[in-house]
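Think of it as A, B, C, D, E and F in the order they're written, each chain with its own count starting at 1.
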Amino acid sequence: METGAQPRTPPGVPRTAEIPPEVRESITDFLYYEADLLDERHYEEWVELFTDDARYEVPVRVTREKKAEWDVSPTARIIDDSKEMLQVRVARLNTEYAWAEDPPSRVRHFITNIRIHPGDTEGEYAVRYNVLIYRSRGELPRYEVLSGQRRDVLRETPDGWRIAYRQVILDQSVLATYNLSYFV
Amino acid sequence: MQTVNTASVPEFVQRMWHTLPEGRVPAKIFNDPAVYELEKERLFSRAWCFLAHESEVPHPGDYVLRWIGDNSIIVVRDEHGEIRAHHNRCTHRGNQVCKAEMGNASHFRCSYHGWTFKNTGDLIGVPYYREVYRESLRKGEWGLKPVRIDTYAGLIFGTLDPEAEPLDEYLGGFQFYLDFFLKPGPNGTEVYGPPERWVADTDWKICAENFGGDGYHTPVTHQFGFQLGFYPSSGKTHFMGYAVHIPGRGHLIGIGHTPGLPPFVGFPEEVVEGMQQALSPEQIEVFSPARMSVGTVFPNLSFLIQPFSLTPKQPGLKFCTMRLWHPRGPGKIEMFSWCLVPKDAPQSVKDELYRIYNLAFGPAGTFEQDDFENWTNLSRQNGASSAADFDLAYFQGLDWEPLKDHPGPGLAFTPYVTEIGFRNLWGTWLNYVSTPPGERVDPSRVPPAFHPPQ
Amino acid sequence: MQTVNTASVPEFVQRMWHTLPEGRVPAKIFNDPAVYELEKERLFSRAWCFLAHESEVPHPGDYVLRWIGDNSIIVVRDEHGEIRAHHNRCTHRGNQVCKAEMGNASHFRCSYHGWTFKNTGDLIGVPYYREVYRESLRKGEWGLKPVRIDTYAGLIFGTLDPEAEPLDEYLGGFQFYLDFFLKPGPNGTEVYGPPERWVADTDWKICAENFGGDGYHTPVTHQFGFQLGFYPSSGKTHFMGYAVHIPGRGHLIGIGHTPGLPPFVGFPEEVVEGMQQALSPEQIEVFSPARMSVGTVFPNLSFLIQPFSLTPKQPGLKFCTMRLWHPRGPGKIEMFSWCLVPKDAPQSVKDELYRIYNLAFGPAGTFEQDDFENWTNLSRQNGASSAADFDLAYFQGLDWEPLKDHPGPGLAFTPYVTEIGFRNLWGTWLNYVSTPPGERVDPSRVPPAFHPPQ
Amino acid sequence: MQTVNTASVPEFVQRMWHTLPEGRVPAKIFNDPAVYELEKERLFSRAWCFLAHESEVPHPGDYVLRWIGDNSIIVVRDEHGEIRAHHNRCTHRGNQVCKAEMGNASHFRCSYHGWTFKNTGDLIGVPYYREVYRESLRKGEWGLKPVRIDTYAGLIFGTLDPEAEPLDEYLGGFQFYLDFFLKPGPNGTEVYGPPERWVADTDWKICAENFGGDGYHTPVTHQFGFQLGFYPSSGKTHFMGYAVHIPGRGHLIGIGHTPGLPPFVGFPEEVVEGMQQALSPEQIEVFSPARMSVGTVFPNLSFLIQPFSLTPKQPGLKFCTMRLWHPRGPGKIEMFSWCLVPKDAPQSVKDELYRIYNLAFGPAGTFEQDDFENWTNLSRQNGASSAADFDLAYFQGLDWEPLKDHPGPGLAFTPYVTEIGFRNLWGTWLNYVSTPPGERVDPSRVPPAFHPPQ
Amino acid sequence: METGAQPRTPPGVPRTAEIPPEVRESITDFLYYEADLLDERHYEEWVELFTDDARYEVPVRVTREKKAEWDVSPTARIIDDSKEMLQVRVARLNTEYAWAEDPPSRVRHFITNIRIHPGDTEGEYAVRYNVLIYRSRGELPRYEVLSGQRRDVLRETPDGWRIAYRQVILDQSVLATYNLSYFV
Amino acid sequence: METGAQPRTPPGVPRTAEIPPEVRESITDFLYYEADLLDERHYEEWVELFTDDARYEVPVRVTREKKAEWDVSPTARIIDDSKEMLQVRVARLNTEYAWAEDPPSRVRHFITNIRIHPGDTEGEYAVRYNVLIYRSRGELPRYEVLSGQRRDVLRETPDGWRIAYRQVILDQSVLATYNLSYFV
């Protein structure tokens, strides 16, 4: 059984040679920049980093036997958004009535293990990396740590890199958080 | 456990017999370790608890792992197609025999010493049986301990109480209202994929109450929806509609109306036809004008049908969510959230309904987020010492009269926004936790939730 | 809660009435779940508990969120400039109405159903009031539940006990000593920014004792300071000075002397002048020769003035820290640490004092680190089963005579290093936790902390 | 603690006096807060608890930090070479005086106020003694509180009960079997490095039972070993051998046989010689044919000797592991796992034995992993409410006859796979937790673990 | 509201082009080297990595409403050190009397999301990155995880990179630790 | 006291210049690739990344006084495997009877702070980096986080990089996990 849902990039042998260093660098910078926008809550700028045809998926992870065909549900989703839907979430966060984020969460995205493969389309890259998300909120000492792997398709555009597809595989089946009022 | 007995019913729970009929509820019932112990001993050990939807175990051997109270329960469809429930505990040393949330198995083999149980629960394999047991083990007596179950319209309930009355009696007529959620067509509903599960530091009761028809919170907690233009309604008429409860049983539903809505607005065409076939004229009379409906089966299973859309200012489609507010400790729950779709609807409709549900509910849901924000904060505040002598205001509709001509069972009131059903809910709860082990819970003991002036 | 009543006063607490006067304290009082329950029920529910410094809420609408026991309390300055305290619990369902540590608000709107309270606590907004409440809700009775407060020299205290004696009586003369920390000038003190907050697995009591004047630990726990040359003193004379306590009240202070120090050494010039104006001749007599002073207001508020510098071998400046050892569970605290600066001092002096304070205290403080190392280890050891019949040695000064000519209130002893005041502290604590709910705590019941030979 | 007294012996524990002799054990004893409190109060406070192996503190001043119940204990070899144990609690305020797992120290200086204790426990240093104590502190009475210890064959045990019978009596003849693990040669054993330590959510009792000779689980839990070809044996004969227990004492051992194995197979040559010198003819008769042996000293110390190899299909070498299942809360343990090697063996043999042990045991051990998988799942299931009236099947060997001609102490049965010894183990446990503080635990009260037909 | 205190680098669009690869590499190496010095407790070497005019700030983070102007206190600090003050802390740790670090904490600094911008001064770079700090201590299984963002100003010197300014924004308002006896 | 056990690479001044960029990149890619194989449970491929003479060590960490000579035990090991022994573990995981990993753990390895030094042998590099390991399992919301530093010797082979030596220093003395059924 593999944890992946479709479409997925297999681990695959590294193909560094095919990725020009400047592409590696600029994709890396882009992902760090994007994370910083989220952690500093610049949501409008953030959502503009998605292409108009983007899809953002967070599938439900299920505890299955080793021999099961999948543990990432092919149907159930925590999030399954188009760019418009992401914009709705951002608009909501910018109202005075997004109670779940007032006071705001303190969120930090730790991006590691970035691996870049040529995408199926010219000018697209399949980027797979790990993300550890730390969140604390309010005047309580408690914090939560989410772990997952992001599987992006990044597209090169005149304005720079844009996210055409993102799938986030979270490493829990019963989430240890009372809500996902922040973006994973 | 000897640590819980009549002596340890907290004073603020006993006080409730007097304060509830006056519209006062002690805050501390919403988060207290002693209350949680009482609920384990007296409520979840006796009530009919929701386990699963039949569509989660469609084929022989299909199983899911669920809870009754703090007990792990296997819900499995056996080889003959019969649904069964067993304690997930090997009878030899108590090891967990099923470890996956869902799957398919003809038998469960314990990984400790290899005792093997058919999915019917029968003990069929014992290693070295002859060598070490000789006559001393009667296999017939040592199958997985069964859990009594019963179903209604695809819902599988279980109870640990052999004396419990039948499910039908327990539902006490609430089936009339459940049908709206469960019979969008002759073939009923199915779940769209496995449930979303997460944990939160909230007492399960405030969630059950909220989904029992708390229309009062919508324009405030979910104000963003009005702000962004998801609802035509200004919120002005939001309180209109009906609230119904089953006295002594706890079950309750709120049915929101907006004057001038066309019947069954927001349902896909196929579904409207389905409902017209599946529902009785009385049910159609009650539900066709409904803007939305939200209800709770005592103690902790809820349903909601409401219109929503992927982006604002759309007509909107009506999705259905089923949710279980499962207690996992004092002031803690594990949440199960399902999307129910009409079995007969085309896949494309099911997909669209799910996606809409998903934007609103589940851990990242735009509605769910703010509900949990309130519930977790509320539970923390009500868990503090000072909550023990702090009474909450439950005055809405104290002196109202039930509707005379309501076509359905139970007592109906208008408008939809009221706290009458909540008082019946907590009266029912009080009745359970006040009834010591061994005694039967008598629904007639539950005080009336309203008293109109003579 | 019924789980705490006279019957459940642990044996080792009852024993204390006999052992304390002999200089023995059962180790388990420093970390025990039953003791924590007693403290919630009998101590923090009745004592005057510190909430905030007036300078934290300078303007109308300014608020901070604080604790009394495990209850969240809003401390707010209302539109008329009056300081008020309210329970942070909506009267409708108990939701938290204030969620920020500090801010400014003319009113608090509950995010669940929108009930709105003025910062005076009055309930001024109830959605759908007419439609759903008709006559049944008397708004006047459902404001935020107020907390009784009183102030001294900028300190805001609150109590949950309506019967509690006035704050002045409660302080019982300790004001004389508090002035040293709170009156560095005619306009008193202000906090330098919000407090540092963190949590630790230590019982609050050992912290309160330590800051009640435990000069005994300094040369060992903070030996690095001598080692690196921060103190001129060799530690040889470190025990010299005075220890004062208020019998039956618990309050206590230690005043360290080093022979031959010039008066008010280590205070900025402006501050010396300020103190000379603000303090009485008796107070000046007591404090001008002090090397440092450290004291605790029963139960858990402490102050310290000590000289320190950014690098070793400097003359050193005297900063003032105020700290609250807030209990958050058995053997757990949440720490609040403030730096108090003279309101009249130039900003540059305030900045320098804060920076010095910061190097010594707060979670990264070079002194604080080692204090918490000891306190957390001590609390863990005293939480073990064997601590229940393990008596700690509190023998210092058992048979000493109080000073005859001490100009201040309370009883004074010399040298500074002694455990007399600690015995009075724990005797006062014992008196509170031994007095059942409903009865009044009588200070005269506290046994004497010393008994000189006849 | 007053929270634990006879009144709070759970019903399911009391029931055990009747159910155990019939082969039924209430599941909840394997994970329950009230049971844990009983064990702290009545079992670990009175039994001889394992502390350390002498080879862990070979030189004067060497110490290790260990537990008895929830109490931290320093085990140290003093300047005169005598091994001592002290409570790790300063007598002044209870601070922890030793903070390292192991080390060497001539004295322990408390980091709070500097009281200094020799490693004999004597209080030898008190700062400002003259200035602040005058006559009031008798140093002689305030040394570190000693813990009574005794040793057998390199094992250091301690007890908190001054009335406890001598260790020899407590072991009650089990020494005969311990020798097999502890006397691979005239100079006995030593530990190979410090123990591996980790925590797990399992009750300690199921581990102690398993290592008391649960040969029944091996072919299932550790089936991979057969699958990969680590064992010649097919599992068919796996149940053969002997099970021995000491009535009323709880100690028990399982000795597995495989027909036709050469004597002492799998031991390095040097070790075989050593055993022949160190063991008696009776011991050699019992152990030389053993394929493996596994036993538990009541309550929670276990030993295992079994053959294993670094890769499959090798002849295999016999290593020895010693493990302590230390309770750290209800359903929680801290695990200590040591590898014991023959002191006289060449270093290369010690290294090889350790490496083999390491592949099988320790947190990453291929055997250990699956044992903990079962034990943690089992403990979770048995901690649920429904476990209180759920009886587990302990029927193996209920009506067997003990062997007549067994050369060793205690009662021996064949085959090796049986539950007779487990019933004696839980009967002994029941006797301890049922005997109130103050009364003596009488081994003769333990019911017989089997009853052959007349 | 933004989490930053002054001076702060806004997320800003990546400006990779302006940073020569060898600078990126050597700054990255430097930060990893520095972290290793801390985690291995080579404090004397570590403190020498600061310039003589360095400032090391850990501001207090406060739970505020979304609309508040700041949540990183402009005044309150957990640490506000000069190099001399850091040297005092190091000297203290090297005495026999730094009880809080004896036995020593087991600390690990995880450095991620490194983003480099040209500084205001020639030869200086503003470096913003995330740091996750794991700490366990003693014979207890418990551990703590701190999350934050470091905002450094690194200066190029003949001896290599030096830290001229460091600000650490911690992602908690009530710290879930009993002390900060280690460097964040 | 240092935490290292032998052989160890001291923090050492960065020696970037000596490591060609393509080596840095390919070693980095290799480590991410290897982590992904573990997290996706491709164990057979994973174990083949070790050289035939490889050794894999996880020493026991002990809480000692600051002045002690070591806190990483020179003798005691949690794992001390040859490649054959690793293959045994993998073979075990592939039976139906590896109960501890059925259902499988959800594991994620976060690789950071990679520092590369020339090895003692031509074509070998000493690579020291931090690893944070997140693991959750079953239908419980609980998760565990392990922290450590890996000290590898990587060897260049015709098939690409291979692990000749790995030592993992874990940052706990009493491990907060009920087992290490996954690879650290």
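Following the convention adopted for this analysis, contacts are C-beta pairs under 8 Å (C-beta built on N, C-alpha and C of every residue); 3 or more make two chains touch, one makes a residue touch a chain.
Remember, predicted model here, so these are calculated numbers, not experimental data.
When the partners of chain D are compared with those of chain E, the chains appearing in both lists are C, F. The interface holding more C-beta pairs in contact, when E-F is weighed against A-C, is E-F. Under half of the residue numbers found at the chain A and chain E interface occur in both copies, marking it as a different-residue contact.
In this assembly, the C-alpha centroid of chain A lies 26 Å from the C-alpha centroid of chain F. Chain C and chain D have Cα centroids lying 47 Å from one another. The set of chain E residues that touch two or more partner chains comprises 21, 63-65, 98-99, 101-103, 110, 112, 132, 138-139, 141, 145, 173-176.
In chain C, the residues that touch at least two other chains are 99-101, 111, 197-199, 221, 334, 370, 373-374. In terms of inter-chain touching, the protein chains here follow a pattern that is not a line, ring, star or complete graph. Counting only pairs that meet the touch rule, the chains in contact are A-B, A-C, A-E, A-F, B-C, B-D, B-F, C-D, C-E, D-E, D-F, E-F. Within the complex formed with chain C, the chain D residues making contact are 1-3, 40-41, 45, 69-72, 87-96, 99, 110-114, 127-128, 131-137, 142, 145, 160. Per the touch definition, chain D reaches chain E in the complex via residues 65, 99-101, 111, 197-199, 334. For chain A in complex with chain E, the touching residues are 21-22, 25-26, 29-30, 32-33, 35-37, 39-42, 45, 96, 98, 101-104, 106-112, 132, 134-143, 145, 160. Within the complex, the chain F residues that touch chain E are 1-4, 11-14, 16, 21, 24, 61, 63-67, 71, 110, 112-115, 128, 130, 132, 145, 147-149, 171-176.
On chain D, the positions that touch chain F within their shared complex are 99-103, 192-202, 221-224, 227-228, 310-312, 334, 354-355, 358-359, 362-364, 366, 368-370, 372-374, 376.
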